[in-house]
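What follows is a set of structures for review.
Each of the two complexes below includes chain A, the first together with chain B, the second together with chain C.
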Partner chain A sequence: MTAAIIQAVLLSLTVAALYAAVAAGLTLTVGVTRIINFAHGEFVMLGAFLTYWLYTRFGLSPWLGMLASGVALGLFSMLVYRGFLARVLKQDEHNQLLATLGLSILILNIAIILWSPDPRVMQAPALLPSAQFAGVTIPGNNIVVAIVGLLLFLVMLGIKNHTRYGTQMRFASDDPALAMHAGINVDRIFELSFVIGGAAAGLSGGLVALVLYVQPTVGVDLVIRAFAIIALGGLGNIPGALIGAAILALVEGLISTFVPGGGSWGFGVAFLILLLVLLVRPSGLFGKQVHA
Partner chain B sequence: MSAGLLARIGLYAAIAAPLLRIAASDRPFLVQVAIGTAISAILALAWDILSRTGQVSLGHAAFFGIGGYGSALLTPVLGPVLGWTVGILLCGVVALLLGAVTLRLRRLYFTIATLSFSLSIHVVILVTPGLTGGSTGIMPPVIAGGSPPLQLLFITGCLVVAAVVSDVFLGGRFRPAFFMIRNNPDLAAASGVPVTRLKILAFVVSGMVAGLAGACYCGLYGYVIPDDVFTTNWNVLPLAVTILGGMDTTLGPVVGAVVLRLLEEVARHLVGGVGYQVVYGAVIILFIVGMPEGLVGFVRRLIRSRRRQAAEPGQASAKARLAL
Partner chain C sequence: MNRFEVTIEKAGYGELVVVPSLSLEVSGGELLVLLGPNGAGKTTSLRALVGTVETAARRLKLDGQDLSALSAWQLARARIAFVPDGARCFANATVEENLRGAFEALSPRDAHGERRRLFELVFELFPILRERLGQLAGSMSGGQRQMLAVARALMIEPRVMVLDEPSAGLAPKLVEELFEALGRIKSTSGCAIVMAEQNFAAAMSVADTCLVLDEGHVALTGTMEEVTRNEKLRIAYLGL
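Now for the complex of A and B:
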């Protein structure tokens, strides 16, 4: 029993790293541009497909596939931003929301038509050997996901807090008009944060290909979880998102392992917890408490 | 005042007449399409009422489902009239609680909280199979003995009710307060607008109207599973319908529902299968870029600029071109 619990907790924590990886790019984008980008999940899905194909068609190692997906989705995000989202930036919140939902529906269904809704498995050899810990085994790919996910998180944190661009991003997000007067190219900074977020999505798509089925709908649930994580941790608060990811994945993992039939609804309980947290702390666990 | 009332009755007649004409026709397919469109329009009106107070919900599937499930489960116990009434009142109570909880939430937090709520309610249904049938679903009593034309008549009546409710909240009593709350809640509070009470009132009314749409939907075929009503589709649809048609109006959501359904049917005919979903996404994107204020807003602006053009020719035409 204890071994089963330890196994479930450790696996949940690697899943948490995957969620955190998906949320990492999103929290940067949302924190800076304030656009609730539902298409982020489809960016992750495209990254997963790209990594999958690079491996199955060209035998490219998933390590390189992940990086390639990151670069490709960064470029794709730039196209999406310049072609579409930049026009929506000055519209009302509901229009922005619907715009990214429309984008998500479009990409998802094009993917279903082109590649069929079938789930695929990338049968790549594990990138790292599996590890023994307290009598339980953790598969190598889960360790990769945990390491890369955390690294991605730290990189996002580093960009935001320790680079010149990061400072400009925070300034542009706090007060776009003032930032513009201070000589910051706000449009450019918004675009940059969107492109970095997209690249992070592509890279986390590579992680998805390692541990989940590769299928067009894979991003839908992931992006909802990512938003829950961001709200739990507090908008734009990157370490908060990490804790949010751990809470979400643990609740979900433990319920689906130990409650009969819990696999189908463990997901929903995590959202009940989110609702309760927001009841007590309207800006998330670690968000700045803004008076409404 | 009476001219305004007359215009409104004209509007309701204009909404109801085509639906009644279809109900009288002998074309089953058209009747089904009209029923679906009317239900979308009711749900969209519900969403629009809430959005007028600046609360952008992505969880209206919850009320849609609670209304459907509530009326379906209560009708055998309380009879159809009382069953529906209590089912819809239940939506009001749930909306009251959710509205009170989400009152302080802003933007992302509000949207995610409402989305989470709809997912949570889905779970509640799944884990209480004794009461709600769980994942196997329920068999609600059908409306009007299962005759589609009569169902359409009934649902048309519900749509007119929803339109009247929407108009009440666009009237002089609520409109200024609602829009002030949306644009500047602090100023509204300082001006003596009871912000909290009105925001929750909008939530309750919106939840009940969405519940009415759900009750209509569940009473169509006599069989409903949780995945039919608690899906993201019903969360996204009212946004798409309302924004495409035109927010802050009664006509907008109705026009939006018709246009979206027409495009959907055309796409289904031309592309088929899942292809129409691509068209759905593309239509949303094109509208957001081309007509951000929706069809009704677009036409209104067109008329306004025409009038200005007629009033002062020459200079105004340049201005109108700039505005467009």
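Now for the complex of A and C:
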């Protein structure tokens, strides 16, 4: 029993890292531009497919595949931003919501038409050897997900807090008009954060291909969890999101492992927790009052 | 040096024209104050100048160079600094980040010496900022935020500084301090200053020339001396 609990906790934590990786890019985009980007999940899905194909068709190592997915989705995000979102940003927030939701549904359905809804498994050899810990085995790919997911998170945090572009991102999100008067090209900074967020989505798609089924709908569940995580942690609060991811994944993992028929319970209970947190602390567990 | 010439036509919001026409000129080392009661069009004029309010025409010239086509953020890069009303700062950033970020937005990556020099310059003008470096700007008092707002503008070594009612909401003692600092800025940096102000008495101490707006129209313009001598206009427009 103890071993089973440890196993469930450890696996849940690697799942948390995956959720965190998906949320990392999203929290940058949402925190800076205030665009609620529903299509982030589809960016993740595209990254997963790309990594999967690069491996199955060209034998490219998933290490390189996830990097390539990051670059590809960064470029794709730039196209989406310039061709589409930059215009919608000038309209009111409801239009932005509908625009990204529409984009999300559009990409999802094109994917289903082109590639069929069938789940695929990337049968690549594990990227790292599996590890033994307190009598339980953690598969190597879960370790990769945990490490890369955390790294991605730290990189996002570093960009935001320790680079000159990060300062400009924070200024632009704090007060776009004032940032403009400080000589900051706010449009360009918004684009930059959207592109970095998209690249992070692509890279986390590579992680998805390692541990989950690759299928068109894979991004939908993930993006809902990512929004929940961001809400739990407090909008724009990157470390808060990390803890939010751990809470969500642990609750889900433990319930689906130990409650009979818990597979369908986990997701629901996790969101019940989210709703309760939002009732008690609307700015999230770690959200500051000033931080809008 | 730093001769700044502005002409604005039909500044307003959509159909509503607030300021039909306005021209002003100010030179480096001079402060021009835009006076007038609430609703006279001071803020609209300044926003039209920096390009955030629509105009039928806007002409900006700095030392003969035409800057009319520049947008708000490009004007800052041309070292025309705008300090909007309301002591606005980047509330979720510290005082230090506010200042450093403003510097970095315009400067090359390796200009550390330059940055230190400007930091010293603003600390000399506003010593309180040195003590508050690590504090979040949003948690400071209105007066301190206004000083930070002016200091942030100074971090780009402005050739022209445009300020919208910097004294609003400040205690008289702070207004005095702030205007004294503005006086020192114009005389030491050679920067030209355009400032909208309701507080005529305080503005008098630091302004060189004056432009009085009344319901969007220029009612009176001239040097401070001329304006203070013209008793009739003074009483009519400034209530003094």
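Basically, the second predicted complex is superposed on the first by the 289 of 292 C-alpha atoms of A that agree within 3 Å, B and C clash if a C-alpha of one lies under 4 Å from a C-alpha of the other, contacts with A are read in each partner's own complex, and residues count from 1 in each chain.
Convention: contacts are C-beta pairs under 8 Å (C-beta built on N, C-alpha and C of every residue); 3 or more make two chains touch, one makes a residue touch a chain.
Everything numeric in this text was worked out from a predicted model, so none of it was measured.
Peer 1: Looking at the superposed three-chain arrangement on chain A, would you call chain B and chain C a clash or a fit?
Peer 2: Fit: chain B and chain C sit side by side once superposed on chain A.
Peer 1: Check the residue A:Leu178 against both partner chains and state whether it touches chain B (first), chain C (second), both, or neither.
Peer 2: The second partner, chain C, only.
Peer 1: Name the contact category of A:Ile230: first (chain B only), second (chain C only), both, or neither.
Peer 2: Once the two structures are laid over each other on A, A:Ile230 reaches chain B alone.
Peer 1: With the two complexes superposed on chain A, say which partner A:Leu275 touches: chain B (first), chain C (second), both, or neither.
Peer 2: first
Peer 1: May I ask you to decide whether A:His94 touches chain B, chain C, both, or neither, giving the answer as first, second, both or neither?
Peer 2: In the superposition, A:His94 touches chain B alone.
Peer 1: Identify which of chain B and chain C touches the larger number of residues of chain A.
Peer 2: Chain A has more residues touched by B than by the other partner.
Peer 1: Roughly how many degrees, to the nearest 10, is the angle at chain A when you join its Cα centre to the Cα centres of chain B and chain C?
Peer 2: 80
Peer 1: On the A-aligned overlay, A:Ala131 touches which partner chain: chain B = first, chain C = second, or both, or neither?
Peer 2: After superposing on A, A:Ala131 lies clear of both chain B and chain C.
Peer 1: In the overlay, answer first, second, both or neither for which of chain B and chain C A:Leu79 touches.
Peer 2: A:Leu79 sits against neither chain B nor chain C.
Peer 1: If you take every C-alpha pair with one atom in chain B and one in chain C, what is the shortest distance in Å after superposing?
Peer 2: So the smallest C-alpha gap separating chain B from chain C comes to 10 Å.
Peer 1: Using the superposition on chain A as set up above, list the residues of chain A that contact both chain B and chain C.
Peer 2: Looking at chain A, the two contact sets intersect at 290.
Peer 1: For chain A, which residues are in contact with chain B within the complex?
Peer 2: Going through chain A, the ones touching chain B are 30, 34, 36, 84, 87-88, 91, 93-95, 97-99, 101-110, 112-113, 220, 224, 227-228, 230-231, 235, 264-265, 267-269, 271-272, 274-275, 278-279, 282-284, 290, 292.
Peer 1: Chain A touches which residues of chain B in the complex?
Peer 2: So the residues of chain B touching chain A come out as 51, 56, 58, 101-109, 111-113, 115-117, 119-120, 122-123, 126-127, 135, 185, 232, 236, 239-240, 243, 247, 274-275, 277-278, 280-285, 288-289, 292.
Peer 1: Write out the stretch or stretches of chain C touching chain A in their complex.
Peer 2: Touching chain A: residues 50, 52, 72-73, 76-77, 81-84, 88-93, 97, 100-102, 104-106, 109, 136, 138-139, 152, 156 of chain C.
Peer 1: Write out the stretch or stretches of chain A touching chain C in their complex.
Peer 2: These residues of chain A touch chain C: 164, 167-168, 170-171, 174-175, 177-186, 288, 290-291.
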